Amino acid sequence: MEWFDNGWGLSLTVFLPLVGAAVVMALPRRNELAVKSTALVFASLSLLTSIIVALRFDYGDTSQFQMGTDLAWIEAISSRFHIGVDGISLPLLVLSTAITVLSVIYSWNHWPEPHNPKAFLVLMLVLATGMAGTFVALDLILFFVFFEVVLLPMYFMIGIWGDRTKRRLAGLGVEVEMRLYASIKFFLFTLFGSAFMLLGFLALFFKAEPNTFDMVALSELGRAGVFTGTFGFWVFAALFLGFAVKVPMWPFHTWLPDAHTAAPTVGSVLLAAILLKLGTYGFVRISLPILPQQAQDWAPAIAILAVISIIYGSLACLAQTDVKRLIAFSSVGHMGFVMLGIATLTDIGINAAVIGMVAHGIITGLLFFLAGSMQHRYHTREMSRLGGNMKLMPVLGGILGFTAMASLGLPGLAGFWGEFMALLGSFNPLDGLNLGVFRTAMVLGAVGTVLTAGYLLWMLQRVNLGEVPAEWASKEFHDADGFELAAWVPLVLATLIIGIWPKAVFGATNDAVVSLVERTFG
Amino acid sequence: MIVSQFLVLSAALFALGVYGLLVRRNAVLVLLSIELMLSAVTINLVAFGAFHDDPLFTGSVFALFVITVAAAEVGIGIAIVLMIFRARRSANVDELDLMKW
Amino acid sequence: MDFVDWIEQPQNWVFAAIAAVMLVAAFRVVTSKNVVHAVLFLVATLAGSAALFLLLGAEFVAWTVVLVYIGAVVVLFLMGIMITRAPIGADVELDHARRWPAAMVAFAVFGVLAGASVASFENLELVGRVERTGDLGTTLFDRFVIPFEVVSFLLLAALIGGIVLARRDVDVSEDAEVSG
Amino acid sequence: MIDYHGLAPEIVLAVTIAAVLLLDLVPIPKYWTAVAGLTGLFATVVPILTLGVLRDETITMLGGSYVVDDFALILKALFVATGFISLLLAVGFVESDRYYQSEFYFLLLASVLGAVVMASSRDLLTMFIGLELVTAPSFLLAGWRKGDARSNEAALKFFLVGVLSATILVFGMSLVYGATGEITFEGIRSVVAAADLGGEPVFVLGLLFIIVGFGFKVSAVPFHFWAPDTYEGAPIPVAAYLSVGSKAAGFVGLLAVCYLAFPDVRDIWGPAIWILAAASMTVGNLVALRQNDVVRLLGYSSVAHGGFILVPFAMAAVYDGAGLEEAFFATVTYLLIYAFMNLGAFAVVMAVADKTGESDVGSFAGLFGYAPGLATAVALFFFSLAGIPPLAGWFAKLVMFRAVLNDTGTWGAVLAAIAALNAVIAFYYYARVVKTAWMDPAPETLAVPEAAARPLAPSLGLAMGIAVVAVILVGIFPQLLAFFGDATKAVAFGF
Amino acid sequence: MFLAAEEGEKVELVGGFLAEWAWLIPVVPLVAAAAIVFFGKRLPYKGWELAVGALGFVAVYGTALLIGHAMTPMGFEDHVTLVDAGTVPGLGDLVLEWGWTVDGLSIMMYFLVGVVGFFVFTYAKGYMEGDVRFTWFFAAFTLFAGTMLVLVSAPNMIQLIVGWEGVGLSSYLLIGHYWEDMENVWAGNKAFITNKIADIGLFLGVIVFAIGAGSFRFLDVFEAVESGAISSGFAVAGALLIFLGAMGKSGQFPLHVWLPDAMAGPTPVSSLMHAATMVTAGVYLIARMFPVFDAPAVAGDIRWLLITIGVITLFATGLIALVQDDIKKVLAYSTLSQLGYMTAAVGAGAYTAGLFHLFTHAFFKALLFLAAGSVIHAVHSNNMSDMGGLRSAMPHTFRTFVIGSLALAGILPFAGFWSKDEILATLNHDGYTAALVVATAGAFVTAFYMGRAVFLTFFGEYRGQGQPHESPPIMTVPLYGLAAGAVFFGFLNVPGLYTGFTDWVTARVFVPQEYHPESIDFVVGGIGLLVALAGIAAAYVLFFRDAESQAARDRFSIPVLYPILENKYFIDDFYMKGIINPTRLQIAAAVNWSNDRIIDFAVNAAGVATRVAARFVYDILDQLGIDFGINAAGAVTGEAGGALRLTQTGKVQQYAAVVVAGAVLLAAGFIIFA
């Protein structure tokens, strides 16, 4: 297994889906079974390798990048194929491969219209490569490439299989189909951010001596105080723009509700579960270690924006009439907690952020699955038309209730740790940060938890509970089927396990985060 | 003789060529204007060649090439004008605005 | 060297005369209301330039101008005028109405070019000399052989392409469909 | 004095041209002339390769006027490849109707020959003649659809503006010659360095006129007006060639002149190019937003890309040494990548036009439904043009940004920011085409089954295949092309 | 005499076999709950047997622990890490772990939850018979007990939070058990949200203490507060925040509003919720953290607040109970009132008294609810106006209800007398005279409304529909079980006679420093008893003698007060109309509006602006600009007439013009600047 530890394991995890995409592309479109099983096999192989990576990972040394390799890639610009995982990226890597497999399983008999499993799966597999790659990349350019690779498949997923309702939008004089609007909005927002992020990367490259894109080397230089002053400020600003759009932080969040709402079920799941994490991961992996001084300067501002996101997202949720849009806005709030954790620049806060990312990935992914399945059955997402779901579909409704509880941060379930520890961290942020800001943020964040509970209960009330409306009373509904359960139960279990035994995540992240904080801000 | 006298003359020819280029409607006349400008170039080149007393006669050689090229361009230009005239029964350049949006 | 010095040189009388003719002719080229006249004025201008080349000692270039321009190009122009039935004789429609803006641009061009030239060369003297055609030929085929060969391709291309385009072929000209 | 090995690519190409003309006389199907042309272009690669591998040092001929070095060879290879793909694109077009065939190929090859000559030219005269040989046949090619008014108009506009630019260019050359007494780049450079001509009005005028002349070739704003009109009117393969081969030739001239002849006055041309670059990117992209014809859209997109390619130069004024090498590397790499993706884009436009008979954006609608492979190609090329990883375009953008950010001063940052914003804007119109192809339903006027059944011309398929492979492969392993770009750095070496 | 040490000292107490296995107490019900969800429906009693078995186990285990504890005090107030849940780095030993506590306080609660729960669960079998979601009910119900036990067994604040919120969740599920009716769903939401608001306090309080002590463990926190490692200011802030949390769960004014609505759940739920789980959690939390609340650095600053809140709650809610027609609501408000007593007691430092009241109250309040449920079961209505004269029809229920009422009213010798007396005595002893007066007045109110309830329900004529009949034995037997507790458990702590209870609950590692009476305070006790009797008498006068016309009599009293009470001081209205609805409707809508109309507008407008810019550049600069420039120039030179024509002239020459002009301008500019 020597070869496996020397980068092959990670490379396989990242690129097996891409190979799968190529194979699927070569298969005839009519032979759906072959297409589906090939996709599932490759996604599962990727998951398997990521699990083997996790098993062979040395948890005694989580702050080091392991299982990686550093090969020549683009010598002309001294960018290298440098990959590896540490305790921070490992959980996210496994999460991304797992969610991919579950998405394929779920898709098995839930194809969005227009019916084209082959194209859908190819895109999904390409997406999987992008997501996994972002979490293992240790070279800024490699990171950037993977970071961008996820855009294309998602763009097509939203644009082709998305919501076809037409809506008149503020500022646009015409009616547009939501899928088209949302897909381009998603892409332009992210591209806008990442264009500047790339400029930031390049600026770092040239400032570093010797010039390098290597994150590890840049972090050391960052610690040594190479990137400071006005230069650092602008670079941090550029990176901030790139990551904050992706997270998304208020006020860069408006692509999210549209994209999540318009996307087909699996698209929403992948968006919520993984894509949003790329932004926060970028903060932890790149912004903080490389620009520690700027991180400290910006932290209060980030905390304020994070809190605005929390409150704003929750309040916006309360005004939604569309289940998916509500869940989408809830992401704004939840990612606000993650950002609040990051902004504290403490080991508690960053640990909270990582577990928050994982938990949000699992829980919100599951919520989108459920919302998708409901839409599949009711052909509407308007909550005012729904009700009594528990009666019509007890299993689906029960899981929805469970997930909503997890989402509102019920202690004992996965969502709790991220929220609570983010608050814990912001009580005592890094020395030198403005205590007033962070403690106010803490209190407001806690208020946010109430609002979170409010909208989720309200959602449950309108969707799950109450009498069955006349519209549905006479109709037959089939409860969750085997594929759905196969996709959901693992997520439910993960929610429980992480909730009860957060060491499943902290065990990997803790040392890595501690050493990050100590080395960077210590 | 000084260099400037030739240069000023050539500048005047060039400017007149520009004027013609801008105001003439008939394509052939536009071509004529361009020839004026090219002749300004040749005057420049020959004058500079003489000025530098170039052992390779670069100025003159360059001028020869410019003249040759100008001839070729005229040939091409006339051919295009003829083609357009066939299609449109007119050789006025200002009537060509099919493609603008 | 002031104007008096300048005008004392006999070549400069010649130059002045030729230049005056050229300028007038060139002006008429771009203003003449008659197409044929415009071409003939171009002939005059070019002849003037040939004379200037002689003055500068560039004999071969001078004769080339006469042969190529006046002999061939002008004929080409005249043929073009005939075939396209350009209105011969006075025609107000020959020019655009926007003469003044064009004139302003032209003046600007002249100002910049002449100004720059004078500013740079002030009154540096020209050495009069005679370029022997044989020497010219030697450098042409030695030092400048590649451009020379290339220009032959250029002429060939212009010839063949010109013929293709200018040719009247009924079949093709009917075809106005947009095809890719 | 003449190194025939060094001249071998040009000679092979010249022989090919002759062969094409001669084959025309033989009573065989005309497409054999195309085959001959393609074979000849392919054969041209052989001496380029042998020169690249066997040549020990730079071959200099004719008193420094003609040089064979890495830069020249790589660009020659690019021109030959561009010619090859353009010719492949053209076969389908020329065969599709009773067009003059061998003459078309002849002119195209002649134009390629001009570009190949330009790559090695190291004096003003050869550069000018080479440029004329690139341009003159393309005037004619643009008008090849003789019966089509748009094609005629394209030819005339292209011709008039082209000749004007050539005149300005050669006027500028004459002034530079006058100011320096030299026409070889080497000579000019030494005179400029010795005499400090930076303040000499005539010299500055000449320099800027030369830049304007090449600016026309690269369709830099404000000398770009001809480009969209011409692309729209000209046959699509010609437009493809113009937007790539002819444009690349312009860049070669610009690169060579700026770097080799005028490196010491880069504080003059640097800012000028800064302006051109910023204007080209912005205007090109903004205007492209409004286009409905895909070819015209690609025309404006090529204007914008011209701006992007100019960006690395723009900072030359403040660079020296490594920075200039980076800029040079960036420009060449961008050019190489741009060539493949833009040719690919034109190829798909042709393919779609073959299917639907139109080339406006709306005609792409429903493509994903009836021709998913073609739709995928549309996405690949247009997103590559937009610079989305992992398609080749991203690397071009990256090296461009990298070159401009080498200097951390304000002007570089501002230009980089402009470029970044433009990259985002550009995405919108590229995405619009892709969106139409993938997400919009087929128009009712289109007979879908027939369109689906209409086969792709094999030559077109081959061209597209080459471009697809290049775009993906280079996107994932940019080193493949970056290697070439890297090799050209030597040209900029030494200042 | 069992005390191992004097008050205020720390003692090393040992566990033993029973203590070491006590983790089964929370785990068994949780496992049972899960099992009921998955297998319940296939079992003969549809999962009830699992539920009642789990509670029986807890009851037995709790009793065993209690007995063991009574013999040898157990002080297992330590982390026995069951599952190491990971560490929170950077703060020393800030470890996430699950463990359990076995000490006097928790044993008392285990016993309470187990025994009361066992009776309630048994009863519920009868009460819930035939319910659509019978199995689900028992799953949630068992979860309710299980999470409460998690809370009680928590040796650290994280586990406490988990149990705390778990209780909240289960109560949400149970209150909204009949979720087809939106009223019930609202009630569940209200309970959850109100508690969640209070939880802000709990969370932040925990954060304050955890950061201060570097540990989530209670013992470390106590240590840190005692040693001053947590500064007094932080400790006070933390204690206040924790108290805010407790106020939510224990329904303290003004966060009490959820509790009466929580009656929407099935009666057994109300019974358990009001007796052993949920509402007692707040008081339990204060008791658990008593070493903090009672620390010298803290107590002085917050006692007054706890007492004030407690007293306001006990009196204000008691008054509301006076006007309720719904028998469950009467009991609910009485619970609030009693919780006020408890809070005031622990606030005043009367740790034992407060807990003792909690303990006795659990029995008789559970009893009252079950009995009320029995009545409701019989008459199919919650309203006392539909009852009356049930004394003969439901003799068992009548008897036990009266016992419970007497206990609640504090009549000698029932349990309530002893526990309430201790509270009053402590208030008296510690000099909180005002509080004492109000509390005594509260005793009158208590007796009055309980008397009213008894008279209206069991005396007079039957006013309801149908023929009421006694409930089946499975419901009545638990009533007697609980009634026994209501009768006898008062004697567990009679000052001067037997103070076993005190010994149990004060057997902790941190022995509480508190006052508890050495002997019965005859004056206060006597007054209390008299006041209670007076209350009953008043009720008798008002409601018994003329039961028929009571409906009119209901509007008996003070005209201003009555509407205020009936509207619950308008607090609910204020919350609903002043906070919830504006947040939910206007503010949320405004945020959403701003999202769609401002941010999105900006985004879209940026897009549109780009396109407008494009149009401008294209139409104006690219296509017309040249013309425009030339037209303008033309106009200047007097050729305005030709201007329009000019726009139609050939473009190519405009291109040329731009090329030339551009070249010249560029050149001129650089020549000038170079």
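Annotations
Note that the chains are named A, B, C, D and E in the order they appear, and that numbering of residues resets to 1 at the start of each chain.
Following the convention adopted for this analysis, a contact is a pair of C-beta atoms (placed from the backbone, for glycine too) under 8 Å apart; a residue touches a chain by one contact, two chains touch by 3 or more.
Remember, predicted model here, so these are calculated numbers, not experimental data.
The chains touching chain B as well as chain C are D, E. Listed by label, the chains touching chain A and chain C alike are D, E.
Of all the chains, the one whose CA centre sits at the greatest distance from that of chain A is C.
On a Cα centroid basis, the chain most remote from chain D in this structure is E.
When chain pairs are compared by their number of contacting C-beta pairs, B-C comes first.
Relative to the centroid of every protein C-alpha atom shown, the closest chain centre, again from C-alpha atoms, is found for A. With centres defined as mean CA coordinates, chain B is found 64 Å away from chain A. The geometric centre of chain B is 26 Å away from that of chain D, both derived from CA atoms.
Chain centres here are Cα means. That of chain B falls 94 Å from that of chain E.
Here the CA centre of chain D is 73 Å from the CA centre of chain E.
Contact of a single residue of chain C with at least two other chains is seen at positions 96, 98, 101-102, 105, 109, 112-113, 116-117, 121, 143-144, 147, 151, 154, 157-158, 161-162, 165, 173. Multi-chain contact residues of chain A, defined as those touching 2 or more other chains: 188. Within chain E, residues 607, 649, 651-653, 656-657, 660, 667, 671 each touch two or more of the remaining chains. Pairwise chain contacts in this structure: A-D, A-E, B-C, B-D, B-E, C-D, C-E, D-E. Partner chain B is touched in their complex by these residues of chain E: 623, 648-653, 656-657, 660.
Considering their complex, residues 156-157, 160-161, 164-165, 168, 198-199, 201, 204-205, 208-209, 211-212, 216, 222-223, 225-226, 229, 268, 271-272, 275, 282-283, 286-290, 425, 428 of chain D touch chain E. In the complex of the two chains, the chain C residues touching chain B come out as 1, 6, 9, 11-12, 15, 19, 22-23, 26-27, 29-30, 35, 38-39, 42, 45-46, 49, 52-53, 55-58, 60-61, 64-65, 68-69, 72-73, 76-77, 79-81, 83-86, 93-96, 98-99, 101-103, 105-107, 109-110, 113-114, 117-118, 121-129, 131, 135-136, 139-140, 143-144, 147, 151, 154-155, 157-159, 161-163, 165-166, 168, 173. Within the complex formed with chain A, the chain D residues making contact are 329, 333, 368-369, 372, 379, 383, 388-390, 394-395, 397-399, 401-402, 405-406, 408, 413, 416-417, 420-421, 423-424, 427-428, 431, 435, 438-439, 477-479, 482-483, 485-486.
Interface of chain A with chain D (complex): residues 29, 72-77, 114, 119, 141, 144-146, 148-149, 151-152, 155-156, 159-160, 179-180, 183-184, 187-188, 191-192, 195-196, 198-199, 202-203, 205-207, 231, 234.
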